[in-house]
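Listed after this line are the structures, all set down as structure tokens.
Here subunit A shows up in two complexes: once beside subunit B, once beside subunit C.
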Partner chain A sequence: MKGMEIETRSINREALAKWISLWRSEGKRILAPKKIGDQVDFASVASLDEVSLEQVQTVQSPKMAIFPRVEELFSFHSADGRVELRDRNLEALPETVVFGLRPCDAAAVAALKAIFTWDSPDSLFSARLARTTIVGVACSRADADCFCTSVGGSPGGVEGSDILLTAMGQGDYLAEIVTARGREMLQSAGALFGNAANTDKESRLAKVQAVFDPAAVASALSRLFDDAAFWEEQSRRCIGCGACAYVCPTCACFDIQDEGGISGKRLRCWDSCGFGLFTLHTSGHNPRPLQSQRWRQRLMHKFAYMPERQQVLGCVGCGRCSRACPVDMNILEHLQAAAEAKP
Partner chain B sequence: MKALQDKARELLATKAVQVVIGYGRGRRGEARALFIREAAGVRDLIFDETCRQNLAVYLMKPEVRKLGKAALVASPAVLRTILQLAAENQVPENGLLALAVPASGDEVVALASFAALEAHVAALDNDLSAGEKAELQKFAAMDLDERQRFWQEQFSRCLKCYACRAACPLCYCTRCTVECNQPQWIPVPAHDLGNLEWNVMRAMHLAGRCVNCGDCSRACPAGIPLYLLNQKLISDVFAGFGSRSGMAAAGDNAMSTFKPNDPEDFIK
Partner chain C sequence: MSPADIFKPWLMKIESVIDEAPDVKTLRLVFVDERQGREFAFRTGQFGEYSVFGEGECTFCIASPPTRGGAIECTFRKAGRVTSALAGLEPGETIGFRGPYGNVFPIRDWENKNLLFIAGGIALPPMRSVIWNVLDLRDRYKDITIVYGARTVADLVYKRELTEWAARPDVTLVSTVDPGGETPDWQGEIGFVPAVLDKLAPASRNTIAVVCGPPVMIKFTFPVLARLGFAPEDIFTTLENRMKCGVGKCGRCNTGKYFVCKDGPVFTFAQLQNMPQEY
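What follows is the complex of A and B.
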């Protein structure tokens, strides 16, 4: 997609509602932020009325569109002493539009893709991604937990979105058509879009100050690896739950479970490196027996190992982990502490 | 606040304890756990209505245990937790100091012995609040289908991140039932059956043990009102057995005590 010029158009709220209805009539699954109880999370919606765009962020990330919390990898069937394996029918996976996700979440797709296509490409993940269109909405507000600009993103960043909308006031949106898939989306809906009279989106965007340099953080983390006292101090109040990993748009650790007896299915389920069981060996040995070591792993993986191995950061600065943490662990604060720690 | 800080300073200066576990103000203004080891650090101690985490959860954490004897800033729920842990042989007598702080936060009572803890807790109102009882009444008025639909919808959002378990000071098993897989009693995947079984199992394992601190619900990133299950069981255990958890440092748990002369015969 590099080198392709971004086309700019405009769409108003009324036309946007029609556009979403059009996706629906085409049989697409639409995932968008929706108010559920007291919080806003991604859920299947049928119309714009169901979509909430006021919040800074949803509690959970939209990663479930391409990496569901539970998914069948294949099924196995035993009969007459023979075992038959049946792959998933990838053609049956739903065409999906993820609408209303923030630029940080769109950027997170690159991190997930780097993991799932690293050595041997994951066919299920790739098939889901190939059926997913991303229509992001830029951030007009941010909060103290947002730090996209410290990890290479921005409140109006187009990376990862097929189309990015920016609210320009009076119910008008600037639509940036970023990818070929985005252009395709417009083919059946071009009449809903107008020419963009005003393309100056900067003034509409949230201001997020960059507060650290990820390269400096990566080298500080590597330097601190063996400093057990530092990690214990940093993680003392961490209770080792998986909330941070489960709400994270880039955390991709999973567990494999078989269900059924001699016939059944193999499932992939979300997991977390914060759990003690995650690294427990069958022998009983655990290379990360302490929470402080597991907390270190969480930061190292995102800010040191992924940039080194996959040339992509494992964090997009969405701030969800800090907001969801029941004991107020704040990732930004811990990264800054690492960067400032005396060698 | 001053009384609490003065007491903490004295305890650290005289080396009566090695660490004071209390609350401080975090980056966003929220209360967070603090582990204070130097007398000078006590100026960061706060206590107000934002200090809700049940700090007793840290009594089981190896990185905290290794710091030495602890004084724990304790709301009524924390005091009940300590007694419940004592009844389950998880904390030794005089092994820690509870700093009981009334809601006003301007006085502090240091409680070391189980007898002192029991006497202090006995004088508190440990019943469910009127609001909590009213909410349970609303559920009691629902028919079975309605209640089932409510919980199915709630549990459908469970991610199995186990934040409820990690936040709970009484979920201290080093190996939880969900992590035993020979046989696999509770399905691991966060699908409907796995979520139902996990949440029912969690609630039932806490029946007659839960002290109603509310940390499971506060920890849940899916916003599931887990406290409703716990409060229903607290209410049922009290109605059926006349007992309330966290009142005494010794005694049997209503739901996990086998007696040969049990009047029910299904268990024999």
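What follows is the complex of A and C.
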């Protein structure tokens, strides 16, 4: 992306529908926001008609496109006292287009990539990412839980998208071609795009006021680390259900479990630092025995440890954790409280 | 197997099983792939993920020294799902191993120094690797003292090796059991490790201390070492946080910003003083 001019084009709704059909005919898996019952979540779709773009945000994030809830790492087969391990066929992973995700979710890919590829690259994650194209749709609306602009993003941010669409009214979209992969996408579909007459997307975007500086939050959190009373106050309501982690686009903590007996699969499954079992030793000793310490871990990991260790914030301000929390804990309020806490 | 498959273990054949103490066993493992067995290299202090297929993985240090190749050993207590399955295996059976992971005991830096090893209970295994490593390079080190304690005489692990170390003129072994854990013919000390260490009062000058044990033993041993004049930089330990991936991704072993699996498991007391107590 760096040093590369972002090309701007336009596409109308009719052409967009054809473009999505084209992906389908090319055999690509298309994940997009879809209304299922009374909530909108990422699901496999076949046409634009199935896609919902009206909501501020989906309940769950699209991270499952590159980090599924449960995935097989390899399988094992035991017979006659011998064990054979079989690799996943990475070539068989589906080519995927994630369509209609918001700029915050697109930005979250950088955080996931940092976790899975720092130090020792994770081949399964990398293979999925290499087969994934991201076509984002900018935010024309936001709600009180959105705070992308406080963590380096914006309602029209292009970071993480290969192509970003912005609704310009009357069914027209401005298309920003951000990456080489995005330009490749256009090669087979160039005729569907026109020249962008109107590139003033700012007036179309939601307004999200920045309310904190992430560097200030990071230093406040670090300063408060040993203030047990602060963390207890912050987390008194927390029931440790892990909903925040499961809906989060950047949470990537996982468990490894075997299933299927002596001939079965080794699985990687989503996990959460909010669970007491997460760090519990077999001996009964637990380095983070209190929910307040687990809540502290959640905030520290995202706002202090990841920026220092992996040079990326672990939060994109999507607000999902606040919307999903069954006891109405609001991360924005908690971060502001940390920033304002007296030493 | 490509080196990129970070979760895929090597197949290991159990060469022998040694009963160390009640519910404590040592497995001696050889690589099924002989070429890998020849190429495998690790350094003392490192750990691995051991798996029973169908049950899962478990994290243990490599309890054998790199100076004695051809096989690796792990020692564990039967406690959970995987260790219970491991404890039921017999020679000839196949398990998985991936590693080596983590940092190392910097034994090069310890040359020409006295070494004081302090271990409690099932925490002798990580120390056994480094003890044999320096004993196999004996002339590079000065006095070697081992203080080892367990709850009861039966709970002492590596009993044959304790006898061997006790008999060596170039090793001082002080073994102890908790009060009430002694047998009528027990020749060693009776008392908790920190108290026994206090009484022994080893000199701190030009000496490196290595401490492994349950959190409570470590907690009470550090102040004794400090009183004896050991600098925090000269006290080493190895942390044993719960792990799944071993490669800095699964998110559970961190203490503060440090990954025990990548930045550790070996830390100095000086490092621990600047880390949150999440271990």
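Following the convention adopted for this analysis, the second predicted complex is superposed on the first by the 343 of 343 C-alpha atoms of A that agree within 3 Å, B and C clash if a C-alpha of one lies under 4 Å from a C-alpha of the other, contacts with A are read in each partner's own complex, and residues count from 1 in each chain.
Assume a residue touches a chain if its C-beta (ideal position, glycine included) is under 8 Å from a C-beta of that chain, and two chains touch if they have at least 3 such contacts.
Quick caveat, the model's predicted, so the values are computed rather than measured.
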Fit-or-clash call for subunit B and subunit C when the two complexes are aligned on subunit A: fit
Partner chain in contact with A:P287 - subunit B first, subunit C second, else both or neither: second
Superposed arrangement, angle subtended at the Cα centre of subunit A by subunit B and subunit C, nearest 10 degrees: 80
Subunit A residues touched by each partner, larger count belonging to subunit B or subunit C: C
Partner chain in contact with A:G27 - subunit B first, subunit C second, else both or neither: neither
Partner chain(s) touched by A:Q257 [first = subunit B, second = subunit C, both, neither]: both
Minimum distance between Cα atoms of subunit B and subunit C in the superposition (Å): 5
Footprint overlap on subunit A, comparing subunit B with subunit C: 255, 257
Parts of subunit A lying in touch with subunit B, wherever the complex brings them together: 36-39, 41, 59-60, 69-70, 144-145, 232, 235-237, 239-243, 245-247, 255, 257, 259, 267, 269-270, 272, 275, 277, 290-292, 324, 326-328, 330, 332-333
Partner subunit A, residues of subunit B touching it in the complex: 26-28, 30-35, 53, 57-58, 61-64, 157, 159-167, 179, 187-191, 194, 215, 218-219, 221-223
Residues of subunit C touching subunit A in the complex: 1-2, 4-9, 11, 51, 53-57, 79-80, 83, 92-94, 96, 214-215, 240-242, 244-245, 247-257, 259, 262, 276-279
Complex interface listing, subunit A residues touching subunit C: 73-74, 76, 78, 81-83, 85, 87, 115-116, 118-123, 126, 225-226, 252-258, 260-264, 266, 268, 271, 273, 278-283, 285, 287-288, 293, 297, 300-301, 304-305, 308-309
